[in-house]
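Let me begin by presenting the structure, written as structure tokens, before commenting on it.
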Amino acid sequence: MTPDLKEIIESLVFISLEPLTPEKLKEALADFPAAEVEEALRDLLHSYSAGSRGIQIIQTGGGYVFSTRAECDPWVRRLLKIDRKSKLSGAALETLSIIAYHQPITSSEIQALRGVDSSYTLKTLLEKRMIRIVGRKSSPGRPLIYRTTDRFLAHFGLNSLEDLPTEEEIAKILGEEKTSEPEP
Amino acid sequence: MTPDLKEIIESLVFISLEPLTPEKLKEALADFPAAEVEEALRDLLHSYSAGSRGIQIIQTGGGYVFSTRAECDPWVRRLLKIDRKSKLSGAALETLSIIAYHQPITSSEIQALRGVDSSYTLKTLLEKRMIRIVGRKSSPGRPLIYRTTDRFLAHFGLNSLEDLPTEEEIAKILGEEKTSEPEP
Amino acid sequence: MATNKIMGAVLLEDRPQYEVRLDVFEGPLDLLLFLIRKKKIDVHNIPIAVITREYLDCLQRKERINLDREAEFLLMAALLIHIKSQMLLPREEPLPEEEDPRRFLVGQLLEYQKIKAACAILKEKEDEQSLFWTREGLPPLAETDEVDLAEVSLFDLAETFFSLMKRKEGENFRLVKGKSVSIENKMKEIVRLLEEESVLDFLDYFSRQETLEEAIVSFFSLLELIKARLVLAIQEQLFHSIKVWLRKDVARKGK
């Protein structure tokens, strides 16, 4: 029995450990018309969003990937014997968001924005593959420049850099902080 | 919304890297009666065997594990190949870095630095057009000599080989931690 | 982050003689923003004398400064004092805005404030995302029904090998002296290839060997790997290609 396109796509999303990009999907399914692939993909996403399932397909980091449903988290953690997923430190988060908004950016530019030396944090982020060195700046000293990676996007459930918090969202947070200030 | 037992089991089978044994399953689901767990598991297996899906749950190694359906294999293999093509493996990266820093270099010089035969990796890198053969060395055996390509530079965002990160820069990023690896 | 800070502030406010722990703050800008908020100061018009005093108070409460970690806090103190002295200079006319000595610091604080707000949003997203678990290993490929896959026995392997050897002898393996290959190295190479490629066509690999000696060594290396249960070798039909996989966490079972 030949599987239909929707089933093939399901198997391909499943086999991908990193989010499966539409480009790769189309490359693997070059023998089908692109429009049909898109339709079958939409169909598949719809069937997962509708059904009550323990697994789901999430769109993140520029592609699609299977994950467990959030509601199943307590049992997943019990099975894997993990207290909680490791999260980024404050310094790492701060450095990452600076790179995300200001990329491409050099180490000393990051330092200027944070007010602290960030070389250790940069090392950690490089190791976690949240950022990467993309070349050198054509300024005196030709410093290395950094960018965020797709893994960074996926870590925060962002599909692209356009999904980063907007000026408006940031302004809203700043407004809330003002009103909830502690009384002196 | 609390997920039902069948959905939880689905998420657990999915996330388990080894076949999920009934014992482990019951351990993770100790808050449910064993009989209910068994029934929900049967239910889940049934729903997968009935539906036409791209993924299935197979029983192997004393437990349950998700896999892609056999009929999807041709596309799955194609995707894995695409994935492989676009990703540089650890060995390829190692070889590439040696060529980048030591070019022009011969195969046996690379082997001496890596401690392993690198001919297969060289082939992969040639196919990816990250390196090229630039001639033969005028030493006994006249071995082929390799260099990186412009494509290599573009891939890493470099204008020229002089832009490669220096040992000092890398050491700085890595902090005091000196690795015991051979020098690049 | 934002909520952390507010909670931190409340906590600190609970005590009459509060003590600011520097390690709670990501850096001097973080501390400065905290003080500004605590004093309900407008970032655009910072009373520099007030904030400098507050800032220095925080540093002085510490018994000693850890220069490795807190040099930046001292640097900021120096900057604040410098700005304060600039502001105190007697002037005939009020300074135009672009010459305000606070200008640089204000710009830095505004940008930093935005970053912290973005961090707060990203933190929430990270929390949400942490409930989604994705797989970290490659699931096994399904077994195809058409071909009868069999886990290769040593006998099968040996038989295949010798038939191949006969074929190869005709093709004249170059016998290169002096290049000795150890089984150990070959095993390493095979494992490395498998890590790269996930599946290895062994006969293909075998015929790529440069010398007869290497070919034989590669064959025995495969046997060793199978014995050690490090790899799984499957032959679809006798005399057909042998596919080799690394045994991972998921054990595949042949039929």
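Things worth noting here:
Chains here go by letter, A, B and C, matching the order in which they are written, and residues are numbered from 1 within each.
FYI, contacts are C-beta pairs under 8 Å (C-beta built on N, C-alpha and C of every residue); 3 or more make two chains touch, one makes a residue touch a chain.
What you see is a predicted model, and the numbers here were worked out from it, not measured in a lab.
The most distant chain from subunit B, with centres taken as the mean of CA atoms, is A.
Measuring from the average of all protein CA coordinates, the nearest chain centre is that of C. Centroids of subunit A and subunit C (each the mean of its C-alpha atoms) stand 13 Å apart.
Between the Cα centres of subunit B and subunit C there is a gap of 14 Å. Mean C-alpha position of subunit A lies 19 Å from that of subunit B. Multi-chain contact residues of subunit B (touching two or more other chains) are listed as 11, 14-15, 66, 68-69, 72, 76, 80.
Residue positions 133, 135-137, 139 of subunit C are each in touch with at least two other chains. Contact residues of subunit B toward subunit A in the complex are 1-4, 6-12, 14-16, 20, 24-25, 28-29, 52-55, 66, 68-69, 71-72, 75-76, 78-80, 82-83, 86, 156-159, 163, 165, 169, 172-175. Subunit C contributes residues 133, 135-137, 139-145, 185, 188-189, 192-193, 195-198, 208, 248-253 to its touches with subunit B in the complex. Contact residues on subunit C toward subunit A in their complex (touch as defined above): 1-2, 4-6, 9-10, 13, 26-30, 37-40, 72, 76, 108, 111-123, 125-139. Within the complex, the subunit A residues that touch subunit C are 14-15, 17, 56, 58, 60, 65-70, 73, 76, 80, 84-85, 87-88, 90-91, 93-94, 96-98, 100-101, 112-117, 155-158, 164-165, 169-170, 173-174, 176-178, 180-184.
Listed in rising order, the residues of subunit B touching subunit C in the complex are 11, 14-15, 17-19, 56, 58, 60-61, 65-70, 72-73, 76-77, 80, 84, 89-92, 116-117, 120, 124.
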